[in-house]
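Chains here go by letter, A, B, C and D, matching the order in which they are written, and residues are numbered from 1 within each.
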Amino acid sequence: MINVSIIGVTGYAGEELIEVLLGHPQARIADLSIRRDAPMHIAQIHPKFKGRLDIVCGLPDVKKIASTCDVVFLALPHTVSMEIAAKLLKAGLRVIDLSADYRLKDVKCYEKAYNCKHKDKDNIPQAVYGLPELYREKIKKAKLIANPGCYPTAATLALAPLVSCVKGIDLDSIIIDAKSGTTGAGKKAADALMFTQVNEDFKAYKVNAHQHAPEMNQELSKLSGKNINVTFVPHLLPLDRGILETIYVKKTGSKPQGTRGAIVEVYKKFYKKEPFVRICAEGIYPRLKDVAYTNYCNIAVKEEGKQVIIISAIDNLLKGASGQAVQNMNIMFGFEEKAGLL
Amino acid sequence: MINVSIIGVTGYAGEELIEVLLGHPQARIADLSIRRDAPMHIAQIHPKFKGRLDIVCGLPDVKKIASTCDVVFLALPHTVSMEIAAKLLKAGLRVIDLSADYRLKDVKCYEKAYNCKHKDKDNIPQAVYGLPELYREKIKKAKLIANPGCYPTAATLALAPLVSCVKGIDLDSIIIDAKSGTTGAGKKAADALMFTQVNEDFKAYKVNAHQHAPEMNQELSKLSGKNINVTFVPHLLPLDRGILETIYVKKTGSKPQGTRGAIVEVYKKFYKKEPFVRICAEGIYPRLKDVAYTNYCNIAVKEEGKQVIIISAIDNLLKGASGQAVQNMNIMFGFEEKAGLL
Amino acid sequence: MINVSIIGVTGYAGEELIEVLLGHPQARIADLSIRRDAPMHIAQIHPKFKGRLDIVCGLPDVKKIASTCDVVFLALPHTVSMEIAAKLLKAGLRVIDLSADYRLKDVKCYEKAYNCKHKDKDNIPQAVYGLPELYREKIKKAKLIANPGCYPTAATLALAPLVSCVKGIDLDSIIIDAKSGTTGAGKKAADALMFTQVNEDFKAYKVNAHQHAPEMNQELSKLSGKNINVTFVPHLLPLDRGILETIYVKKTGSKPQGTRGAIVEVYKKFYKKEPFVRICAEGIYPRLKDVAYTNYCNIAVKEEGKQVIIISAIDNLLKGASGQAVQNMNIMFGFEEKAGLL
Amino acid sequence: MINVSIIGVTGYAGEELIEVLLGHPQARIADLSIRRDAPMHIAQIHPKFKGRLDIVCGLPDVKKIASTCDVVFLALPHTVSMEIAAKLLKAGLRVIDLSADYRLKDVKCYEKAYNCKHKDKDNIPQAVYGLPELYREKIKKAKLIANPGCYPTAATLALAPLVSCVKGIDLDSIIIDAKSGTTGAGKKAADALMFTQVNEDFKAYKVNAHQHAPEMNQELSKLSGKNINVTFVPHLLPLDRGILETIYVKKTGSKPQGTRGAIVEVYKKFYKKEPFVRICAEGIYPRLKDVAYTNYCNIAVKEEGKQVIIISAIDNLLKGASGQAVQNMNIMFGFEEKAGLL
């Protein structure tokens, strides 16, 4: 049994972390904190936890956390995580950061994408990108986890087998048409996110200009050994939870490479032992209802002539954020990887 | 053909007024204004009007409006309407005010319900409550229309025949359980009105403490000749448009009065010639889909022993606001009452 | 650790039972069955269980179930449960029936409400109405649990303290204005339940004619010792999960009885030790988002002169069906009552 | 003033045709018919028309229609239209067919896409594809209009300027990622279209296998003079109305062709005089809320290196079906093209 601390519990990722950890057999929520001077009971912040959790949330107290906890989750906005992570690491704590602050190895790339200065460059090199399907061994020993973004999780899992194991793929042709539920946009009040603006609406936003694209490019380039720049168009869905990405990749050469259906076999082999990746049978496509409120990523692969179409779906708050963070924690502490996640 | 001005076009009522008036055969939108210094084209404010309406909206200019327009709609928040209505009336314009400022004849009651001072008491007496089904004759000659609130429109139409024409009703027993779509809450960004807070949610709010209750009480008391205080509980629906009210009234006496089904006949007679009130056949109940995007009010009446259940439904932006305002305009200017509303 | 069987897993209640039991520390899903000749893998029926549960569902085999399982959940339509329950009981199994078949002690009342003949009258007397807050002791020893309906669960929990402990209440005045999410209507395809018919719509149905009203009347009459007939109007909400009931009750006498706020104290005392009932603080009202995906019932009480307004909210699939069924199982087998439910 | 007949008024397209024509200044609904023996009043079929339209709908009577009407709309399923269109044409009526029956010039292509035999091949050659932006002159004189499908309308308008006027485009690279509201799936009850299946869900369907793809290919090939086969992946949105298509096309050559921003200028010029096509300003993208309940098609064009991204949005029931049908009628009878459509 370990003790965990969560810093930043007012947003959706923090709320979902609590929800997951309350059901975890080997982790105990020992400390919760917020970025507000006036302490609040967690049931005031989230009435749904009334009677389930009895903790008053104050400002984070590194000393106290270090003396009582084994691991800290940072469910903070980007640029805020990097202000506290160094202190926590120095105090000997293991840190799982759900923000973007330690995901990009190229500081300039981070500073451009997030339009700010990085304040803790020293800890970037040791940060492990927390995608268990790719980096399980490194995660085991990591002191600092950079928990992946929601869009990049769905994209990287959908493309990893293709860019790393399949020949005859045009790596310049990758198009990711992504659709996300509205919890992905966070909890802060904004005109464009009002019910009457989102309900019965659908639209693209940040067309080929979303801050998650560099993260996808970093991971896909690493996997393929080539420089990859995806075309990435996110859209906003009128629903609470879930990301679905429809991904288009071209095969090269005058004729399609390999036998039809071959690629899906590569996927099945690649993810054979993974507890949270499911490859759909032929003719079945991922839908959000099958992954919402779970930590699963469902993936379908269809080949049509020179066109490969891959569809992946996750719950943006679970496999896209808090569920994956707990999966990382399980790996770090040697627990069953599914603990608390089924 | 008349020229109309709308003051306040950023909110839902103003937007819907434009939508209705663009299809009106005898009214031309001649002037639009907003409460911001920097002028904006209407298509910047509402992109849906691009190519349909070519007007730049500046601050309201009473002199200009008076010299070019026949009538002014005020689609302003309460307390703001009363600051400009007097000037417009003085300039000889006829005014249809969609706010609450001139609805309550009892100033103290207004000031308590809206928690503010009234600044134009002199014009309250001449204001005609713009519910055509009850006050058509007065509306014809009115200079100032107090356009009814959305909840009171549905409630008053649902109860008018009962409280004014049916004997043996317990006027102290009226319970109005109301459910409104989210456009009813206005366009201003607020935490509680975010998509992720309203979607897949349902809740009561301002339980027996909503500012529309005094308006209902005023109208029902006037109709019945007795002092009526309703129990009014509004709820927020996860949908864009529509109000449905389920109303419960008890009959008095040891036995139910009259023959079963008699009350619905009173309703049919009461609204026989009304173009926008429809009484449902037995066993049919109003649903929002049948009134959304229309100016209709659908009403069903069911008697069960001593209990009378009345259900009414309207589109809160049309019969509950802008449609009714145009219906009032039609009456004021001698147009066909349905003009622009079918 | 016990072995459980679920008969009827194609509908929402069966699906939710699996979901809950998969996370239960002391129960193992040993057998699943359907009412179709051709066996299907559970992941074919519900793709979300792919990789989580490996069971082929055939027709129910009483002998096999009796030899391998400790308890059987019947997630079957009414009239179907009573065809198999007797056989299961005879084979020595404990049965938790989620249908309506054993809820009403008065057979004629059942036959009228459900428009059918009862085929297992002999087992009605021993059936325990599975509302733990009222019948915990009987549930412990029960062989057959009649798991309560969703509407009656929310209504009975909301009214139990009032009708059993508070004096000066007009028991003839109870009005239950109920609103349910669409999973409450079941999974069978029907014109009126199509997405395009329910989305952006809201309506009342079975006005004072719903088959759940007799169940409420039975329970409330038992609690109060008087004959109670509620006015019950259900409505359909455009959302997946949750029931919210706004309940109106009048006090008797020329003046309100007791001091204001007194009634809520009765509720707090009544439910003091209950793990799944939460009484809201003053000014806070239940909302579906706070109970969805939980086994909680949230209740608020407001007094206003002679009017008492009670609002209760549950998740119709959990506290209103499968969650409550597992709560009953926990009580029957001496497990921690919250096991698998937090 | 002309008299119109609509055959097939039970579905969404027929309902929407009535809605549009009720507001049309020069067309009178003279006849409505259904494919059922027992006649029904239109207000029984669609309660929302109660008090607005007083017509009893029986089986279609070609003789009667010919003697009273000027034009007939067929709002029938594919394969049903072709059974009656020939008779109507022979009787001298002008016909606007909203089904797919006369859209594809290649009969074999039709028979494969719709999996049936064509029964009226003789009338295919004279059928005019009713996309006014491309075929206005032919529509004026047409006897038989094949009203375009919803997906092809949004795709063809989005791609027409590009494939017909811009050089250096890779016509083999066209990917259409389409998202449609659920009215697009029709009104027939189906498990997959139940509220609880569609709400809070999102998924792809008929991946690169939708029957509308051949229609797109026919129109785009005609425009470009080359054989075009698009990659077309439709998705189902949890909302009532609207189609949004995100379209990806590659430029050819080692460097991007033309100056940046040049392509959007081609679009502006191409649609300069079109009453129902709006090109978005830079940085603005189409959203469903801006086109829902209108006959507009909003289009945005973005170039990024060799990638061109085009986004188009329409209301699937208006510009994608009934609005476009009335636009065609307006052109056929020399009315103002916007009549009844603003």
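One rule holds for everything that comes next: contacts are C-beta pairs under 8 Å (C-beta built on N, C-alpha and C of every residue); 3 or more make two chains touch, one makes a residue touch a chain.
Since we're looking at a predicted model, the values are computed, not measured.
Colleague: Comparing centres built from CA atoms, which chain ends up most distant from chain A?
Modeller: Here the answer is chain B, farthest from chain A.
Colleague: Please tell me whether C-D or A-D has the greater number of C-beta pairs in contact.
Modeller: A-D
Colleague: Centroid from C-alpha atoms only, then distance chain A to chain C, rounded to Å. What do you get?
Modeller: 37
Colleague: Please tell me the distance, in whole Å, between the geometric centres of chain C and chain D computed from their C-alpha atoms.
Modeller: For chain C versus chain D, the centre distance works out to 47 Å.
Colleague: In whole angstrom, how far does the Cα centroid of chain A sit from the Cα centroid of chain D?
Modeller: The computed centroid separation for chain A versus chain D comes out at 39 Å.
Colleague: Where does chain C touch two or more other chains at once, residue-wise?
Modeller: Each of 197, 199-200, 238-240, 289 in chain C touches at least two other chains.
Colleague: So in the complex, which bits of chain B are touching chain A?
Modeller: My answer: residues 12, 182-183, 187, 189-191, 193-200, 238-240.
Colleague: Can you list the residues on chain A that touch chain C in the complex?
Modeller: The touching residues are 22-23, 25, 47-48, 50-52, 200, 275, 278, 284, 289-291, 293-294, 296, 342.
Colleague: Under the definition above, what is the set of chain A residues touching chain D in their complex?
Modeller: Interface residues on the chain A side: 173, 175, 177, 179, 197, 199-205, 207-208, 231, 233, 235, 237-242, 244, 246, 248, 250, 285-289, 292, 302, 304, 307, 309, 311.
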